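Lettered A, B and C in written order, each chain numbered from 1.
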């Protein structure tokens, strides 16, 4: 992704999983939405910080990486169902591809996702990792 | 430096990446004798950060753990200082990334510290000063690093990744700060020039005139000011560049092995640089009992040592379980090969 | 529609890695072939709509509508560039149909062109990924194949679709392509070869994925009442439909269904007054193997979840009694020059309905359907055609 201001505007959303909730219908959206698709003009959005807990809804292992992700390949990407309801896309870090499956519980962790070249801005975001059993 | 008001640690947290590389694995690449290295360094393996980790991400996770134990609203934090010698940017602070990630922005002051491995402890001193002065309610001090050792250099066996964070305040303490004392000189024992990927060090010069001189003087200076002796402490925590130095300096100062051993983590995770002595402190806080007195002495090349005396309170038992213990991070590990290590540590150019 | 519309001329270049042909060469070749097919000189064309996904990134050129009109020698007629990622071509055809149906114009050319091999494969892949949600999907390292791979994984989880099932559409399409001289690939593949090809994004492998290609296609549209001036075999547009869905996969109600396909197809069947079973031949959007499986489900050819088994039974082969799917070889084997694919689908259906499809002719084909998808389903365009006589 290019453009520093574009990334900067979404820092709260990316660093703390701040989404939006429609005061009218109660639906929670992450990524955040300006307009509630259900209520449109009748809706009003407020910010809500999500817990980061969820489970894997579907996943894949990227073996042919795009630019900027070469050193991370192969890596797991997934759509995670957050406990508050929304589906969100992210990486699953700190795991072997064989260790996870649909339904694996995950939690959000703050990670370095990519950078705009060697001398450019570094993109951080909450991604996900499998919840390890407590001892 | 004795505070004239109550101040101390309100919450503490640590983070160590889960990947490890064994001494044997590195030694096999360079044709060296792993047993000789293990016994001379008293280190078995070290932590390796994954491709999605750096000092900022480590600092954030440690901070989140510290906040869980502190039980405070992050917006009440008035200062964030992050000490590291491997910050993600040469210019642009890590502290603001951490502050944004924990929800402490915008009402706060922040900066990054560099003083080799003691940058995190210096951050604690600054936070304590601001709290005692009544200028802030809570400060967050962090030491975190993803240290690099040049391929084939002895430092490659120990340069590791990890960090610890401390919420400093005046109420609800888990450990009260009795006093701190710093011994600082200009001693070039270990350095890295701008733009260079790996540090240079003075070999044996990093011992007596550097590590030992500063730690010993800082510890003695603190104990003199507080009118304490080694027997008054339950734990003595020192900077851990390898397994030998902290044990030797502790003995020289008059401490017994039972006081020193509980804080040793370098054998399993390596030298986490700005996180090193702080992770030793975390290891102790994870097991200390109310009333225990802890000596912490860091060492930063360049050179200086910060010494602290903490007394543990009752509250520690209430909040200890609110975040993972350091032992859990140490135990949760996956071994990598040298090739994987080189890829993860970006020693390969893309 | 205010008046019935027909296709009276079609043309397309070969699809493939066409090093010797530039963006301009491709479009002009396809356009000239369509004009020749319609017996037109070019003076008859009153407007053009061109589908192109990303000339801006592939050849550093925007404003391609102007470039195309210029290089085609078509100035000063209006030319409009249409973009909906991989549905750009189908959308251009729809614009042309609407322009003629509305009475605004009489003869309109709809084309599609993409020149993808002037950049490296990595750059091409990155450009294709701009069809996904940049901020919330691509940001996390999700590639286009990874999106469809996640759909596949979920489809396998919900319906028991297997890795072998996924291999069947590419195998069929390669076989079909050997009968299509314009197809990029002219060799058959086996299920084993698909399953053993290198992994791209689990579970999708190299042979599950359509290739990077260059190519162009063009069709000429006019009112049905005028069609006989240009051809003995006008192909009537019985329906033109389009629907939108969320840009990102994670915003869908059900990621194994392309709701935009369901909606567009429903509207198209209603316009044409037919049921899915009435379709004889269909060109569907098989950017990946899984895409074809869910396409035949979402278009109503089979029940949700039953596509895999239907392929085993040969339900979609050229000689099937049901509906022949992708007789041209589909995107997988014919090639997928993004902006051109949707138009090329129409070219194939027109030739099928005219009885001019040679070795890949579907016997007695009277009703044909095209299905063109943008991105992971954010835009879908469906057309239904019928023989005019």
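One rule holds in what follows: contacts are C-beta pairs under 8 Å (C-beta built on N, C-alpha and C of every residue); 3 or more make two chains touch, one makes a residue touch a chain.
Only a predicted model underlies this, so the values are computations on that prediction, with no experimental measurement involved.
If each hop has to land on a touching chain, what is the smallest number of hops from subunit B to subunit C?
Tracing touching chains, the least step count from subunit B to subunit C comes to 2.
When contacts are scored as defined above, which chain pair ends up with more C-beta pairs, A-B or A-C?
A-C
Of the chains present, which has its C-alpha mean closest to the combined C-alpha mean?
A
Could you put a whole-Å number on the gap between the CA centroids of subunit B and subunit C?
59
Cα centroid separation between subunit A and subunit C, in whole Å?
Centre-to-centre distance between subunit A and subunit C: 32 Å.
Touching at least two other chains at once: which residues of subunit A meet that condition?
72, 75, 91, 113, 127
In the complex formed with subunit A, which residues of subunit B make contact?
The contact residues of subunit B facing subunit A are 18, 50-54, 56-57, 60-61, 64, 88-89, 97, 100-101, 103, 328, 331-332, 334, 343, 346, 348, 350.
Could you list, by residue number, the parts of subunit C that touch subunit A in their complex?
122-123, 125-126, 129, 133-143, 145-146, 149-151, 153-154, 157, 198-204, 248-251, 255
In their shared complex, at which residues does subunit A touch subunit C?
1, 6, 10, 31, 57-69, 72, 75, 77-79, 86-91, 97, 102, 113-114, 123, 125, 127
Using the touch definition up top, name the residues of subunit A that touch subunit B in the complex.
11-12, 15-16, 49, 70-72, 75, 91, 93-94, 96, 109-113, 122, 124, 127, 132, 134-135
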